[in-house]
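Note that chain A is present in both complexes that follow, paired respectively with chain B and with chain C.
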Partner chain A sequence: MSNVDRREFLKLVGAGGVGVGAGFMLAESAKHPLEHLIPYAVPPEEFSSGVATWYNSVCGMCPAGCGISVRTREGRAKKIEGNPSHPVSQGRLCALGQAGLQVLYNPDRLSSPLLLDGASGSFRPATWVEGVDKVAGALSSARNVVVLSRGIRGHLAQIFERFAGSLSSANLLQYDFAHEDALYVGNRESFGIDRLPYYDIANTRYLVSFGADYLNGWISPVHHSLGFGTSRQGGHDRGYFVQVEPRMSVSGASADRWVPANPGTEGLLALGIAQQIVAMGGYSGADRDAWTSTLAPYDIASVSQRTGVNDDIVRQIAEGFMHTRPGLAITGGAATRHVNGVNTAIAVNTLNYIAGNVGIEGGILFNPAAPLATTGEENRGAYESLANLVTHAENGSIDALLVYDTDPVFTMPADSGFREALEKIPFVASLSSFMDETTAMADVVLPSHTYLESWGDDVPEPGVGFSVGAVSQPVVAPLYNTQAVGDTLIAIAAHMGHSDAIPWASTEECIKDGWRQVHAQGGSGDFDAFWRSLLQAGVYGRNIRDTRAVSLDPTVVAGMDANEPTFSGNAATYPFTLHPYTSMRMHDGRGANLPWMLELPDAMTSVVYSSWVEINPVTAEELGVRQGDVVEISSEHGSVTAPVYVYPAIMPDVVAMPVGQGHSKLGRYAKNRGSNPLSIVAAQTDAKSGSLAWAATRVSVAPTGQRAKLVTMSGESRELGRNIVQTTGGAAGSAGHSAKLNSIPIKVEAV
Partner chain B sequence: MVLVALAGMVVGYWANAAFFPGTSPQQPIDFSHKVHAGDNEIPCQYCHVQARRSVSAGVPSVNKCMGCHLEVATDRPQVRLLTNYWESGEPVPWIKVHDLPDFVHFTHKRHVAAGIECQTCHGAVESMDVVSREAPVKMGLCLACHRENEVEHGTDCWTCHK
Partner chain C sequence: MSFLDRFIDGWRRYRRPGYYEKFDYAWTMSIDLDRCTGCQACVTACQAENNTPIVGEKELAKGREMQWIRIERYWEGEYPNAKLKFIPMLCQQCDAAPCETVCPVSATYHNQDGLNAQVYNRCIGTRSCAVYCPYEVRYFNYNNHHWDSPLEQQLNPDVTVREKGVMEKCTFCVQRIRQAKDHAKDDGRRRVKDGEVQPACVQTCPSEALAFGDRNDPGSKVSQKLSDPRAYHVLDELNTLPSVVYLKKVDADAG
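Let's turn to the complex of A and B:
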């Protein structure tokens, strides 16, 4: 050490100093970051930090009306499950319902009122006072106002009604793309009943579904999935399921028999089966002769020829449906979205009637009146009423439009001219929670709470065979500067000087008032106790059933036109039928901004994100396209592009596309992803129901020469000798694993 | 020279840990556990009511404090600070002293139910004017206690790391 010179000494001091500093900083960085412990100033009564609080409410993700239980901690919603007491969901919930959290916490939610700045053409944040003032001012000077919303059930509908009533001339219109208008009209014409019946899948032993994908989106998928499970494994004879549809859906894949029929001829097939049952002596009513002659045109030979279904299959289904009791036939989805949609619904009702399935357990049961005074269905408008709106807007006879939580610019075909019509309406205000395609065209946006932040009540549709109502309550405090839609309407009415038009101070008051009447009709105890137990249960039921005997007059069927559907586009130029289909993931497009739904593999193709077009392997080979080739799908009314998914379970002259993606707005996750098949369908309607015949458009398919990577979870859909799909032949186990497997030969592209 | 630098690092690390432990941060109000839990013998769970019910012991809400301080010692400057929070309806932003990493699952409820004294992990809080982290709340302390009391599955990884 003695020979350390001055220079060396300074070096060592420097090194030591740097070392000490580095060590100090290292220790500092290893410390926990500063965390706070912030108590409430005044905690809610039931609050315990670290302990979850559950609230029962009603799911708002689709119109099925499942009961939900939401787990909250420290005032934040954490998880949504099904409410075990609710007869629709019985403790279960679908994926879209679970993703309700991503609606609540969505980064693209509108967080304050917005005003369109005329000069820049973009929105600027505003206060509620400014926004309400602007809307009230515009409505005061407007002669013709249209209030357009999603389907609203329960007492909230009363606020809408009274609000519209307070304006000098206002039209109230509820529009949902996925609403089964044809079923409603079909039931009214067949049985004279306005509400949907209960389809008792749980107790049926033989279900024939004509196009209704009841496990993946059709009207009440959670309840129907429960029913399917009970029918299959409920400790009794196993239910037998037949699915008639041109493209295999989830329900088709779960069925015992999948029957592809020409698109739009599902009703014909139902009448053909009914005719067989009558001919085999399966119908013994007094009007048997009338039915025999009414159904005579639907003999097995002609039905088989027109539907493309082998006559043996028709006969087998007829025998099975006649002899297996109880049976049930249902229809919906694309089958009722043809120009003969109502006829198909009536035909299926006829089949149920002939087979004796009406009014019995395991068949169709009618729903009694709801405990609530209003169901809100009265203002429901089909596509046709929006087409009328377009006409009026083009004439300039609509001065203002108020739109809430429905997105017709996305769900209406481009051919309908809705977007152009909306531009002609001088004043548009939106009360939606997201910047969807329709809201983006508004002048003022007054964003509403999500369903997890608002009061409401509901009558599930379809019901469950007895009288049920449910209440939805806020499970968290509002996250942003939004308002309950009912409160916004009350505020606008008050600002216009119509404060007496709506007798309630808030939505909560309105809902509570409605349930006071329910309580007066037979609730027990005092109202406060009733209300408390109602909110705790989340649902209220009365054991009232509708056991009326109905009869179906043969003249209803006789009055039907020839049941052949018509298509837009000639077969030579447009050789394929476009089969758009809805799913539980995207519903009518509202799932497209939820990352969980985008990440969730489609149940049949396992594709995540983006859109695709399903093409039969034979067709794909004829067209010279492979999986992942981007093709252009063109109708007379436009074209979209999508990558090919080679799908063996689709008829060769049908191409199928999922509905829900292809948004130009709706936030960062939805925007510019996938394509929207609805944009190219022809604006033709089913005359009887006025609903859009969105499955009746012919298209052509042309390769673009581009390729896209389809992100699928399944990898290769063929078995390729990997022993992953093992089947046993007659002598089970005799040959063991060395046996040649009966794998399904599927012709796909050359390897 | 490298050795000197390394030795320096060790010294620096030790100096930080020894003289700047960060275990008794400056709180928004100079609250004294000694006055409350020590001199006046208020039981821990009078204020930390959640400890026997929840994973977290919680800190008392402002209205809990005001339950006494509307009447008691209202003129002291630190109590005035509290009253200011109360009057503006704001919570007191206390800083955590005892904090386990996020990968440790610890529940107060279970330990209170088992009769473990608060002081076992938190030290003699009733004698501290300013609370600091005195007991070494590390995995060793948990395991030693679990072994000593023969806790069922007490040394399984998944008991705490789940």
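Let's turn to the complex of A and C:
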């Protein structure tokens, strides 16, 4: 039947007469009728035609670790929704999380191992035996091996560690472009705590966000949105939200007050507010005098002058933050991607500390240890460790590189020399699922399953204030000839004769073994029943909280000598600060090959498919450019072109570009579309955290004389008196439920 | 009574606002603009649930988008006091729907639950309904769309894939409503319980701005939202009697 549909059949009947047509049909259908009609002669147990089966798992689209429930029909994944029992997502999910299905069913997924054919310079399909043999051979003769991956959490990290341990000299390195390195270092320096705290947005009454776009991609957007909604209309006083940033983000649009501040001075403003609060008598700790003198340099006049924020506004925020309790200050995004990123993080911690928001509900709560033995954050490296890798590769001291699901060739600036360094490494193998820019430079590709086909487990980061772990399971059978990344590492180790180095036969065994230990520590009943209920629930929690009292020593702040941001490029030649920003839909660029994300209008500009550069209306007029004019944005390290979007809420000396487009690889949807602002940023780092200061590059903007069709989905951008979005005064609020954090039902041991 | 008289009489009764009091359900959505963050999770959730096609950049440039729910953005003021307000816009399932009266073949009609339904295989593509819709939420298939293999494996088997020449729009996820009704019947209940059925957009909304339910049930979540002092209808002056209720955004500094 396969070659003849109904229309074709009718044509045959009409053209050649009934006899010929029907005879042909009969001959076709007599061949292998059963093969076509019943795809599953013996269907799997959970397979029931016409009935949907739901599986709980963990989202793999960004590092937030939302719990998901996936609807499958006839063995195919149909819809991803949030897992209602999971405390991070609570049944909700963002657009990128929904689009996970287009990762699984992406037409450009790698479907089998590939070997680089030296003569032609292109890849040819290979078998797993060939591929593993090639990698194992190269690794056995290598002196120095680097295993570079995205951040790996949960027990899968153990396989990576043991694999690296089995090689004579191997370095594990985990790199994510969007990882908030400066926040981690800032927290360690302020409070001596390694994990990120829980930001209790749901219960806060006054939130000041210094650059963190917490509703659109910053560390845990779904959970923050839940908190935002609860704080807005949740049965208690409506929370007041302030957003400080040079360019209005999605969170800025939802804030009650948007405050533009000079790029990189967010920390200064936080200290200025803290200084005001101390001066107004809002801090009553024993070390009040020490704080008064420490914060003395951040008096309102100097802070106002350096940040460009009117002193009345600083005073109003200080008063609001002091009197409206509980309050919460957060920072992240571009604000912590300056050369003073860690200082900004410490400054915001200071503000929270001075206002008494540390360790209270509605402020910052610390996260207790996870129920899992490992969280895998130990091997995390900032940008600087990749820069070191570049140096070593150029010296010829790295013999082999194994890369998995991270794309530094795309996310590292061209100035870093990463691409050139990769070419110098004699052997590169990629375990990624897509032909991204880094994978394209590999000698061997052993493609991994997507997260919807693999076993894994996770500790959400940031946590939710109590001890939580989650487990992810395959929701569909593997589509292609791919393999779970853990299984690939096990196979390579076994091929090299190190089968005793990794004690598990498969990733699933490793995960299950890890949870056996969790069960031994506090689970009741037998393990199999626990495991079954765990997979059904998808999440496991213990009501353990971290209520330690912390103090912040004024000397930490006093030691921040150089709080002033510095920029690459002189102001005369490069008059604008480039403000790259990440969004939920593109994340670090991985959304660019998903059609749903390309067709999803940008939240603020409604542009689809391509990239653009946002310019203040006054600046645009001075430059003589209109919306859609293509301009060249040049830094000391290169230039990109993009059409202008005249953006009403950006500082006049700042131009902003979204991160995520400008791929040269990554499949048909992403390839050769838009431009990548990260390629022109200077390779300068924040000295304290070693992270890339990607928001600290100055650029010039020059019209090219060309125009581009900037496809936007918005019609008229003003209401023109139609009163479509109606507003009401500040007193209005409506009854609703209270914050949900404490009442989350987490299935634990009961079957 | 002749057939024509009966038809006209029936049509009049059927068109009379308040018809829903006679029936079991009056499905209603409430959208709290103070909670909405413009994140658009609803847009992608709708695309996944309802098999709306990927139309491509060229078609989008012609304004031929197919997303049944969208976020509209309205700027206010100038820098540094510029503000951006978001509003999700979808078929308002009007009780007095302008689109229904103009369809020459009755492809769009009002069903018992107060839904403005679209019969795809009755639609002949005059696009009159889209012209009459003041909310601009009807989408026309200018092409036969295709999904690059194997993306089609994701398609929801509970929802049809529409063809060229057919108008389509938000259905309040009627397939989910039907399923919930079937479940209620299987359980021997007459009515669907509040919260038992949620369209894909409501289900996914990360800030819980959207709520869905039956306004015939005074205890339902949406019935409570209807009595909120912030409740209003978009373009209320047109008297379309929408089933989507918006709750006003709060301007905290307006006092």
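By definition in this document, the second predicted complex is superposed on the first by the 678 of 751 C-alpha atoms of A that agree within 3 Å, B and C clash if a C-alpha of one lies under 4 Å from a C-alpha of the other, contacts with A are read in each partner's own complex, and residues count from 1 in each chain.
Operating definition for what follows: a residue touches a chain if its C-beta (ideal position, glycine included) is under 8 Å from a C-beta of that chain, and two chains touch if they have at least 3 such contacts.
Quantities reported herein were computed from a predicted structural model and do not represent experimental measurements.
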Note to self: If we overlay the two complexes on their shared chain A, which of chain B and chain C does A:51 touch? Say first, second, both or neither.
What the structure shows: first
Note to self: In the superposed model, which partner reaches more residues of chain A, chain B or chain C?
What the structure shows: C
Check: Now for A:520: first (chain B), second (chain C), both, or neither, which partner does it touch?
Finding: neither
Notebook entry, point to check: Where does A:119 make contact in the superposed view: on chain B (first), on chain C (second), on both, or on neither?
Noted result: neither
Check: Can A:286 be said to touch chain B (first), chain C (second), both, or neither?
Finding: neither
Next item on the list: Give one of first, second, both or neither to describe whether A:711 is in contact with chain B, with chain C, with both, or with none.
Entry: second
Next item on the list: Have a look at where A:572 lands relative to chain B and chain C in the superposition and call it first, second, both or neither.
Entry: neither
Item checked: Contact footprint of chain B on chain A as seen in their complex -> 11-12, 15-28, 31-32, 34-43, 48-51
Notebook entry, point to check: Which residues of chain C touch chain A in the complex?
Noted result: 32-41, 43-45, 47-49, 54-55, 57, 60-61, 65, 67, 70-80, 82-87, 136, 148-151, 153-157, 200, 203-209, 224-225, 228-230, 232, 234-235, 246-255
Next item on the list: Spell out the residues on chain B that touch chain A in their complex, using ranges where they run on.
Entry: 1-2, 4-17, 20, 22, 25, 50, 53-56, 58-63, 85-86, 89-96, 99, 101, 108
Item checked: chain C contact footprint on chain A (complex, rising order) -> 73-74, 76-82, 91-95, 97-99, 101-102, 104-107, 215-216, 221-222, 225-226, 228-230, 232-233, 238, 240, 248, 250-251, 253-254, 256-258, 260, 479, 584-585, 595-601, 603-604, 606, 608-610, 616-618, 648-652, 668, 709, 711, 713-715, 717-719, 722, 724-735
